[in-house]
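All remarks here apply to the structure that follows.
Chain naming follows the written order as A, B, C and D, and within any one chain the residues start at number 1.
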Amino acid sequence: MKKLKVGVIGAGRIGKLHTENIVNHIKDVEVAAIAEVYADRIRDWAQGLGIKNVYEDYRQILNDPEIDAVLICSSTNTHSQITIEAAKAGKHIFCEKPIDYDLDRINAALDAVKVAGVKFQVGFNRRFDHNFKRVRELVREGKIGEPHIIKITSRDPEPPSAEYARVSGGIFLDMTIHDFDMARYLSGSEVTEVFAAGAVLVDPEIGKAGDVDTAVITLRFENGAIGVIDNSRRAAYGYDQRVEVFGSKGCVTVSNDTPNSAVLSTAEGVVSEKPKYFFLERYKESFIDELKEFFDCIINDTEPSVGGIDGLKPVIIGLAAKESQRTGMPVKL
Amino acid sequence: MKKLKVGVIGAGRIGKLHTENIVNHIKDVEVAAIAEVYADRIRDWAQGLGIKNVYEDYRQILNDPEIDAVLICSSTNTHSQITIEAAKAGKHIFCEKPIDYDLDRINAALDAVKVAGVKFQVGFNRRFDHNFKRVRELVREGKIGEPHIIKITSRDPEPPSAEYARVSGGIFLDMTIHDFDMARYLSGSEVTEVFAAGAVLVDPEIGKAGDVDTAVITLRFENGAIGVIDNSRRAAYGYDQRVEVFGSKGCVTVSNDTPNSAVLSTAEGVVSEKPKYFFLERYKESFIDELKEFFDCIINDTEPSVGGIDGLKPVIIGLAAKESQRTGMPVKL
Amino acid sequence: MKKLKVGVIGAGRIGKLHTENIVNHIKDVEVAAIAEVYADRIRDWAQGLGIKNVYEDYRQILNDPEIDAVLICSSTNTHSQITIEAAKAGKHIFCEKPIDYDLDRINAALDAVKVAGVKFQVGFNRRFDHNFKRVRELVREGKIGEPHIIKITSRDPEPPSAEYARVSGGIFLDMTIHDFDMARYLSGSEVTEVFAAGAVLVDPEIGKAGDVDTAVITLRFENGAIGVIDNSRRAAYGYDQRVEVFGSKGCVTVSNDTPNSAVLSTAEGVVSEKPKYFFLERYKESFIDELKEFFDCIINDTEPSVGGIDGLKPVIIGLAAKESQRTGMPVKL
Amino acid sequence: MKKLKVGVIGAGRIGKLHTENIVNHIKDVEVAAIAEVYADRIRDWAQGLGIKNVYEDYRQILNDPEIDAVLICSSTNTHSQITIEAAKAGKHIFCEKPIDYDLDRINAALDAVKVAGVKFQVGFNRRFDHNFKRVRELVREGKIGEPHIIKITSRDPEPPSAEYARVSGGIFLDMTIHDFDMARYLSGSEVTEVFAAGAVLVDPEIGKAGDVDTAVITLRFENGAIGVIDNSRRAAYGYDQRVEVFGSKGCVTVSNDTPNSAVLSTAEGVVSEKPKYFFLERYKESFIDELKEFFDCIINDTEPSVGGIDGLKPVIIGLAAKESQRTGMPVKL
């Protein structure tokens, strides 16, 4: 079988990760080209992976008729524009989240995808995590009955710089957005109301930048369920990623992954391992699995499970959360 | 040493429990009399415990100069009135929660206690639970730093009758009130804002009675922390009582108690025990320990850790939650 | 119903415990008398519990026709002799373990019990522990199929004095004897071979006293299963009491009980509680439940589940373990 | 840097695994050739991995001066002979366990390695497992003090065919050999005595083949510690791999890895995941990490942590266990 040819646009941390995952873990797919504005910085790395073409301009990838699909890993403000161009060029698209922070631009991008009839997947990798996927399966199989309460704990090990908080759109759009996606995924239902209670408890600089670093967000869902997300920019013990879905027949929870299962009991106490600290380590397999699904969808002509609507909805919820935090009032969607 | 003499007012489930706990577990305290409107129903039981005096009218207890203290375990609507009378009679008072649903009547009762200078303790037994007490200790010792997020899961194994929901004041006043107390206890801070998102997902009859059976309640605290309580009237797997306090230096969680630690691994899966099902079983020791503290306070002339203000505040929060649920808006206290 | 009248013989730690448990927790049973060679030491304590008769000579109990049953809690070397006398006096007998270290004396005691037709129960309280009892139930119900491997971990928090080790019969007879009983109980089968590998790793004085303080004992059972017990006289983290039964259909394990379920996660690690430290705390309920069974057997004229043979067999195994340790060879029973 | 060139000898399950791990996970190392007696069966597979040379005769690898190192993955009876030839050819050697079942042949192989001065590593991959490695680290760091008791549970999900049991050398040499290595690794000490209690409880055919399928093996170590291994050829719930080291200051345990951390609580019970079922899945990372160490040792001219003596000793222990099982007596080494 002819290998699927892929072009990667943007070789920052996530672009490099995807590239290496394809090279090392995904058969029948070839990274044919990489586009990076700072192309010189990545030539050695690309060569080491056996990738021949390194461009400064992503249009060279779009113009290459050999290339079947692109991974858009460039800076967020370019996602929607490149999506539109890639769709017009007939390339299947894997786009890092978020598509954009502007709803009009997202819709324009999704329209272009629709018109072109190409595959479109958004990089919500956590849906492919072994723990969360299992929760979703159990919910879907009816093991907990009708979902009543969805709980998501999502805490980062270290806060970003206040500078980042200023340009990222804030905690609800750069961090909680993953949890909004998870809330839709786990509940199998759409969010209809958001109430965000935020506070600045971790870093006053984040507050000065107009953002919060700690938040509890209440969600209401179309199916009647209620959700709650709690976020912190800094969990001293590492990356805290747990979910719980409670329903009419029971409850399913998942706990954090740890580097090993060692438990040390001494006169001082019983000590076990902290959660895996870094998101790349914690979600390692999920990054591979989301790409596998994307390429399978192209090869088998099926729809990605994380499509355009899944890129749009969390941004809508995130903007509503931002408004709720600003006004102190719940916001209906 | 002369034994402390106690009169128990009201011998329903909780009055009987307290009585038996004193007889079986607390030395130096004697249940000298019990008042119960349906006195005939309890004479055999009282005799079996060696209790001589069984009255229909609680005033006989208040008028007995030999009696040092009373336990008010009668129906809720009588608590504040009997508190006032008992205070005037110079009896130390252990009052079952809630003192009342009416703030004026609570204040009147607390004023009477103050004037009389008697000890007054409210029956928030969960503060004496081995798990929650340990969380409070760790928070107080600064082990988790400054509290940022307080999470309380509190789900009952079975819903009450819709009839009960109608007269009890509703979920926020009969069930969540324990969690409001726990929130104050764990955070060491007062609640300043409440937002309650409730739903009827367990029993439509509860909805018809004007109440909800599922709720997520967001709290803001004076110290800046944010809290969240999730309630359900029916957890299929039993009585679900967990808390988590997350702070600047770490996080402490407690899980449910189980009847035993057996884990059975077979081809079908790995199965462990469900939580203890019934609140009397789950909180067994805490009911004894709260009485021990009460009697110690009398003997040593110290103040009960769960005093009048602790009886008042949760009712204030509960009423606010009720209003928030009604209006759909957050309520400031 | 007339209360059962009991006489307690020997009021050391365990005699006092049983007495208090009856007074506080067991209805319909009255401690009518206590015999203790140092009677003066216990008069205040007995009076506080409302026990009228305190004797120096246990024969006063045996001669009292009002007394239905005795608890033999005196020093080990008197157990068999008092058992014989009590049986002749027609008293039902609860005898602390071990009955004796001499097989002939045990057999003589059991013969006397048989002739007299009185109830006889041995104080192997761990059979009444919530965890181990549940394991036994699951094994009996066939949940793990046929038992193949029985594992018992039993480690004390602190070693006894070397002096005690010298007079107690040694680790296999004073400590492992409980595990030998547990092995028979969990497997539902008799031990046919013992191999004991002991070492002196905790306290050289114990070695000088001719005993070991660390041991791994392999057992073979009549039903083909293999067992292994590991003992230490000193677990730095507390009292370590776990069992595991593995069989053709699965495996059941139980872990240690802890004072609470708090888990503290900080930058330093994830810390939870150590096991309950002291055997009286760990096995608290089991001491009450074994007496309840004994009295129920008397009242309902049924046989105690821990009878004479259950007192005899662990001593036989213990003596074999001692010989195995001495010779370095397995010993067949 | 020039890539290290490796030849793989034997492309059965384990040879294929190592080959794919090098190709996909290990940079700077190239699989230059593969030798396999059934070469035709693997040509497509090898081509897919970009491996050019596929030979029937392993001598073609040994004769290739470009090749730096070999992985001996052929059938056990050829290991020692190929080791000798590879050593003479100056190749560094990674040899699958066991080197041989005959001590003279092992010694001859190790002598050849010594004379040639090549690196030699044995494939005891479990030493590289995240859990067991952590236990070893904690022991080495003195966190548990002096080791007193080492416990290893090692149970397979499915028994091998009786035919395999007949030719493999039996349970102690094909299965427990991994645990004997683990015992030496965890204790940091040599075994001085073995007592094996085996039984046929899983499959009578295994018994007819002269082997046992269930075993408890007691070990004594030079440093005074006592060890115990329990084995079963069939754990209904999957691959059971746990260890525990208990010492003067405490105890460290590790539990099984599971596919995810989901816990489902319903009216029926609390259910969690079974252990990972298959050894390739359970020990996935360890297979990669042992090769990384091997290649690092070549590149940096250091000694592999699992050297010749580590290949020899477990076979000595295994043969002693076999004799102990046969005679029913402990065997000193």
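The working rule: contacts are C-beta pairs under 8 Å (C-beta built on N, C-alpha and C of every residue); 3 or more make two chains touch, one makes a residue touch a chain.
Just so it is clear, the structure is predicted and the values come from calculations on it, not from any experiment.
Considering the contact criterion stated above, the chains in touch with chain B and with chain C alike are A, D.
Between the interfaces A-D and A-C, more contacting C-beta pairs are found at A-D.
Centre to centre, using the average C-alpha position, chain C and chain D are separated by 43 Å.
Taking each chain's centre as the mean of its C-alpha atoms, chain A lies 58 Å from chain C.
With centres taken as mean Cα positions, chain D sits 39 Å from chain A. With touch defined as above, residues shared between interfaces to two or more other chains in chain B number as follows: 236-237, 249-251, 265-267, 273.
Of all residues in chain D, those touching chain A in their complex are 24-25, 27, 48, 130-131, 133-135, 138, 143-144, 249-257, 259-267, 273.
Across the interface of their complex, chain C is touched by residues 235-237, 265-267, 269-275 of chain A.
Partner chain C is touched in their complex by these residues of chain D: 145-146, 148-149, 151, 155, 193, 195, 197-199, 201-202, 214-216, 218, 220, 224-228, 230, 232, 234-237, 240, 246, 248-251, 328-330.
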